[in-house]
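Both complexes shown next keep chain A, but they swap its partner, so chain B is in the first and chain C is in the second.
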Partner chain A sequence: MSTDTVWFRPPPRPSHTPQPPEQPEPASVDLTIDGQAVRVPADWTILQACGSLGIDTPTLCYLENLTPVNVCRICVVELAGARTLVPACSRVVEPGMDIRTDSPRVRLSRKMVLEFLGSSVDLSTAPQAQAYAARYGACPERYGQPHAPSGPGERDAREPGHHHAPDGSAAETVAQPVKVDNDLYIRDYGKCILCYKCVEACGTDAQNTFAIAVAGRGFDARISTEGNVPLPDSACVYCGNCIGVCPTGALMFRSEFELRKQGQWDESRQTRTDTICPYCGVGCTLSLHVQDNRIVKVTSPLDVEVTHGHLCIKGRFGFEFVHGGDLKADANPEG
Partner chain B sequence: MDLHFHGPKPTAAEQAAVDSVLGPPTSAWAGGARNIEDEGHITLLGGHAARSRRDLLLPALHAVQSRFGWVPPGAVDYICRRLTVPPAEAHGVVTFYHLFSLEPRPSAVVHVCDDIACRIKGAERLCDELEHSLGPEREGHWKRSPCLGCCELAPAALALDAGESPRATALAPATHADIMGLRTSGEERHDSFESLRRSVPQCGDPKLRLLGRIGQIDPESLDAYRQSGGYTALGRAIELGPEGVIREVLASKLMGRGGAAFPTGRKWDAVAKAPARPHYVVCNADESEPGTFKDRVLMEGDPFAVIEGMTITGFATGSERGYLYVRGEYPLATRRMRLAIEAARAAGLLGANVMNAGFTFDVELRSGAGAYICGEETALFNSIEGKRGEPRNKPPFPVHVGLFGKPTVVNNVETLVNIPLIVSLGGEGYARVGTPGSSGPKLFCVSGNVARPGVYEVDFGISLTDLIAQAGGVPDGKAIRAVLLGGAAGMFVGPDKLDVSLTFEGTRAAGVTLGSGVVLVFDESVDLGDVLARIAAFFRDESCGQCVPCRVGTVRQEELIQRLRSGQPIGSRDDEASLLKEIGQVMRDASICGLGQTASNAIESALATLDPIPEGKSSR
Partner chain C sequence: MFGAGGGTNSYREIEETDVILLWGSNARETHPIFFHHLLKGIHNGARLYAIDPRRTSSARWADGWLGLDIGSDIALANAVAREIIAAGLENREFIEHATTGFEAYKQALEPYTLAYAEKETGVPAHAIREMAHAYAKADRALICWTLGITEHHNAVDNVLALINLSLLTGHVGRYGCGLNPLRGQNNVQGGGDMGALPDRLPGFQHVEIAEYREKFDRLWGVPVPPKRGWHLSEMLEAMEHGTFRALYVLGENPLQSEADQALTRHRLESLDYLIVQDIFLTATAQMADVVFPAAAGWCESDGTVTNSERRVQRVRKAVEPPAGARDDIAILYDLARRLGHDWGEPQAEAIWDELRALSPVHAGMSYARLEAEHGLQWPCYDDTHPGELFLHSRLWERPVLGPRVAFHAVEHDPPVERLSDEFPLRLTTGRRLDDYNTGVQTSGYASPMRRGESLDMSPEDADRLGVRSGEVVRVTSRRGGIEVPVRIDEALRPGLTFMTPHFQDEVATNILTIDATDPRSGTAEFKAAAIRVERLGVT
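Right after this comes the complex of A and B.
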């Protein structure tokens, strides 16, 4: 050791608060919506741009936490220069777009989509769709008497291609018996508008289980497990994320289904309490829907970063212990 | 991906059928034996490799279907294991195509076309006879089918025989005796190429540019093709270079012949300039539009021209791989195209270093499995990729994001057959043929009540009247009731509008469409209400079911037509007419793809001017 020179000297303390490095301004796009000029980020969809102006665009198959599939076509808007209407949920904004969201063409298409759904699907547990139907003056009755419901498994067995020609005296529907094959949730495909959300949530958008997919073709298209087996035989892991995204109540907690059947389901008597799931360290937010001091349903808010609305089987369905069954009997089942 | 299998184990025969397409399994991941030395004790190799072959799902399902006559659950599970496809998704794919069955079926099934052209040529009588001899349709020995693309020889049937050496035979004109004879003989039927002359009434005319070889030379002989001038255009294209070829195609003003009439040169230019790689060429040979059969005749009669057109396309757009998607109902076209691909490959005209010019291009043939919608370009991509044939939303367009997400040029068979002609004549020379707005020769599929139905090659500009006259006019001195122009997705033309000029601009001015070149003639004896009901049923059957306007709209449209036919409208007939307008409007405005957007065209055009379902004449 020859000298006492310090071989490392820390840099002087900054005299000002450090700032993040400068980011380039996100590119933005100018467009016109209903006559109003608006500037939005270049990667926004028309739906987002409409939202920024406070325009309420109806959607059924769209959800913030899923990839847009643009199949319900209720969010269509009129784009100047385009031959057809365009779906707001998936179409990304382009410079100079001139969009009308409430033109006669748009209103007609939205009304007809709602009439088509209302005349073929049971929308009784889809308040949002009912509200849209009222807004656009949809009249599903004008297609005639609904056809008699199909028998159990009948729609699932339909093959693509030729069908029996109707005589036009009744309007074809997807009405069919409810599928009740497990204790956790039911599938009432008479209420299914085929929005693809459950398939997306079961697949790459959330769960990566791929237990269900769209099968069949045309009006006979339906959601199905592999080979149409009951859920307990399928790949389903009962995360319930399909229930969480279903917009029409076609997928429903067994508890809700039974209460509805008994005429006991009453949302005005329900409270909703947000808490953290007790099962593991991830810390998912649970919303407990409680009626008459019993948990009747569990959801998770879409805007929570931990879950984005998705849960697993434990958080979704593992709440029975709260109701405090007979602990002794649980611990010692033999008596 | 944690896949769940619960079904029966595949039998040895099922495994063999699948392995005939996929090859033997190479790892435990793909359902083979576990090789500890390679894979170790913990990992399973091959997940990514297996998933990357998902596009073999359809070929594997075809192998199983044609081996057993149906798709047994054990075979589906085995395919899923091999390719790492979730079984639920495979179920969705199998149930999408009407040539696959998940229920056991007889090994021999006759598909009988009861679509528009065959209907007016006795298809119903044929169905009645088959019901008498083979039992009711639900027993599965025979089945009604949408248009089989043999309208010039109607009525048509397709006999499929599953087994170790499966057979597929198209019969047209099909008689009851022919069908029964084929079932008992058990022999493969070989049509000579001369029989194609029945489909090309102009055969032998030296002025033919696109149909010149059909029925004249052996379509299975590469030498015959080359002796008749084949492959000189590819040589010339190589001299011009890729940019030069695109320049000629742009100058030719060639418009796509599949129905949408998009300028081919612009499509090519966009793909050639797209930075993403690789690029793909797709030949859309999923010709399923009722009344259309030109692509079948081209593939059966001049398969090398299709290959040469594809090769020039690949050369010009910088693509090394082409896919030829032939509809599953065209057994002879499939066989001849396959032979042509093999012969071209053996002669160094496909593969690495084509014509020793230093570029690579090869073609793979894929078969459809019975779905009209797969003729829509993005549905076709999904079908090749092993998914349900549901159209994608556009934009992005295929020239940027196409097959496997890469820039793709997709052209119809007839479009591609024009390419060697353009290269030979030069773009400007080609543009002088036809009219200024519609260049080149055009094929028309003339069928129905005419004396000489078939594919006709004419220069753009001929009038509908002259074309029908060229086909011998309406026989038996009957008057024309209507003409369906452009197929089921096209429009009806009444007798007052027969002077329409058959060009893109002429039909547009007349408010009709050229579509894929269908000219289906109906004489006064035809019940147009019955034809409309068939068109409505067709769209209800063939809608993919993805979007609401088309999925439900096609059903409501069919119900409405049937109410009119049975004389029981809801409200007045005028109420029904305005309801149909609204149904048509939402399908046209809000459907994802062209199927829904055109599903009411023919029906609305007929109801507007032709009074196809006269009041008080209930047909039931």
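Right after this comes the complex of A and C.
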């Protein structure tokens, strides 16, 4: 309690509302997209410029809270004078660019990418990728019957330069058993498109834990913990920010995984309500996904300044106490 | 501080500051998403100094770790200040413009030489000097702290010592500069803001000022008692003296969360009447005469909480509470009705609007705006005010607007419980990443990292005592003893041990802790008990 009587009253209101230091206005750039002239800030990407014209550019590896790694190549656009297609997500606008976003070359490239992904990866829990495949008329089936799945740990043991070229009789896939090694989340790398988002979220873009990275080369490349150890033996701190950014359901809450297995997962019966985490005083927004009056998943909106979509283990997984169960009788102390 | 009880800055500012002093806080584990913002600052080039007796996971990110002895924070802060002045790095202009009491403060610092501080804190003089120079020379610098500063018998002095540093260097009231206590619970900030303090009405309006009281008298139609009340520690003491007879506990588990559990039990048992309102039948609730089953505030009811950047945020009902459990305000309204006051239908928004009419710093925060703008930061004076990004910019106005702020000379005062031959080890307490307080909420989920309670100790002490990792030992303080397995932790210096409060049902850490409290803040010295460790079956 204050004993300083001068502070018995709140301090006076400042004459001006506190503001961050003024940033110089970025220069603007004129360019043409699909024949339309557009003027945008010089630090924008082609993706942002397309967005300002209402052009829906497909992306899989891009997310606004992560640094673009431009690996999925589905956002490519045609730039007049450029030898190759350019990734819209990371290429910054330049004066006089003449860009086509829906040319036959762009459509073909996007279609091919989606076919390669669709023929080799299980996209059954990737609604966005499915929608793009339909949009671009991708036919992954034309690569033939899928190859038999790899056995447990088989893909993880592959070393660069040691694989054999496929004989073309079947479509190569990344199909493999689901990794279930803890109670909070599962890793189903048969659904992984190697977009790197989980690596980025675990790394410098958010969590800075660096528990996972890409191991292997070429078609053997895969996301791995250090030395391919199970998660409980790894550096993982179970923030689940990798789940939050995964576009294909390869990383999934254990609760969602089990409900899907039982055929009980039903998003049409789910509500999503934003509230604030009950733990520490940072004030993270939690989006509670509720089915049949039970919390089945927790996410955080990307556009909230406190979290930028990222949470810690308690915020993401620490909700079970609400539903009782075998809890100890215990309560919320001072701290 | 300076009449407004909240951290001065927004999280985004730590991303764009130059020097960060993280003092008595393991934010990497206790405030993980705040630490994301801090890491952005580090990636943007900020220098981080971690001042902590333990080499925590936060300290591993630091440019400098100052591993001071428990409870020597003021000796360190004063030495930093003395060095800043000795090197001529103080902000003369700001000191003359916006502060008072500098000369007395400067004189009081005289004994706090680097050599003295090295002796008292255990931190090498050159490390103190380096941090002092980095902090003072920075264009922007922030100090953040948590319970390593406040869970001491001289908590208020510890905070004042840090405030002094910001005044000395002018690192307050500007973007990217300031003082930030990181709040430990999701509405500690809001509780204080709403007047859950013994001396304040909502919005930091002091109860002993008639003008404020009358405003509330008029709206409520009853006179507000004109004198400040008791804080928690005073209440607990009064129970023992029979001057405090009935207690109504909402959402707290004092039997397990207060220091010195045996004493707390005795005090609660001496009450005539104990009411507990909670979502679980807690250890405290099991002692109660009446228990009101409550809904979980954060997901089974509507309302607001306020975070560590003063942001008022909406909580929303997402699930129905279990049968019989009710919203806190519904219980309170029914209780009022039984006591002869009909407050009508309990509605969170109506209560909030009443608050807005009484607290000027919240006046502009309608529910509609809180929804649309992902919360608003106080002070927010009217419907068009954006809320303040950082506080105390008035101190830089010419002439300075409102009262100047005072330096407070504070003296080093080591923990109440000294080490002795009988109790030669220091025990400190804190949280882990995946668990929380007495474990009520976190015991419900299956954290793969959870490993139960342990007495963490340095490899040197383990060697000296001849104990192995995992061996169960007897730990004794002047208040009691418990048995707990040892875990060897290289982050601890010799002489320092660490436990958490997370597993009170299995290992009651608070049997060991001391209830020496700061008379001004009421916080107990959870950070500094004296213990001895004995092997079982060895005499």
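Note that the second predicted complex is superposed on the first by the 298 of 335 C-alpha atoms of A that agree within 3 Å, B and C clash if a C-alpha of one lies under 4 Å from a C-alpha of the other, contacts with A are read in each partner's own complex, and residues count from 1 in each chain.
In this section, a residue touches a chain if its C-beta (ideal position, glycine included) is under 8 Å from a C-beta of that chain, and two chains touch if they have at least 3 such contacts.
Please read all numbers here as calculations on a predicted model, not as lab measurements.
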**Message:** One more residue to check, A:N208. First (chain B), second (chain C), both or neither?
**Reply:** both
Between chain B and chain C, more residues of chain A are touched by C
Checklist entry - With the two structures laid over each other on chain A, which partner does A:E159 touch: chain B (first), chain C (second), both, or neither? => result first
So the chain A residues that chain B and chain C both touch are 208
Touching chain A in the complex, chain B uses residues 1-4, 6-7, 73, 76, 86-92, 95-98, 101-103, 143-146, 370-371, 388, 393, 395, 533, 537, 540-549, 551-556, 558-566, 568, 570, 579, 582-583, 585-586, 588-592, 597, 620
In the complex, the residues of chain C that touch chain A are 2-4, 11-13, 16, 30-34, 36, 39, 43, 147, 175, 182-189, 197-199, 203-206, 208-209, 228, 231-232, 251-254, 256-258, 278-286, 296-300, 305-309, 311, 313-320, 322, 360-361, 374-375, 379, 381, 385-386, 388-394, 397, 401-403, 406, 431, 433-434, 436-449, 501, 504-505, 520-521
Residue positions on chain A within touch of chain C in the complex are 1-4, 6-21, 182-184, 204, 206-208, 231-232, 237-239, 271, 273-285, 288, 290, 293-295, 303-308, 310-315, 317-325, 327-335
Chain B partner, complex, touching residues on chain A are 70-74, 76, 84-85, 87, 90-91, 105, 108-109, 112-113, 116-117, 119-120, 142-144, 157, 159-163, 165-169, 171-172, 193-194, 203, 208-221, 224-229, 233-235
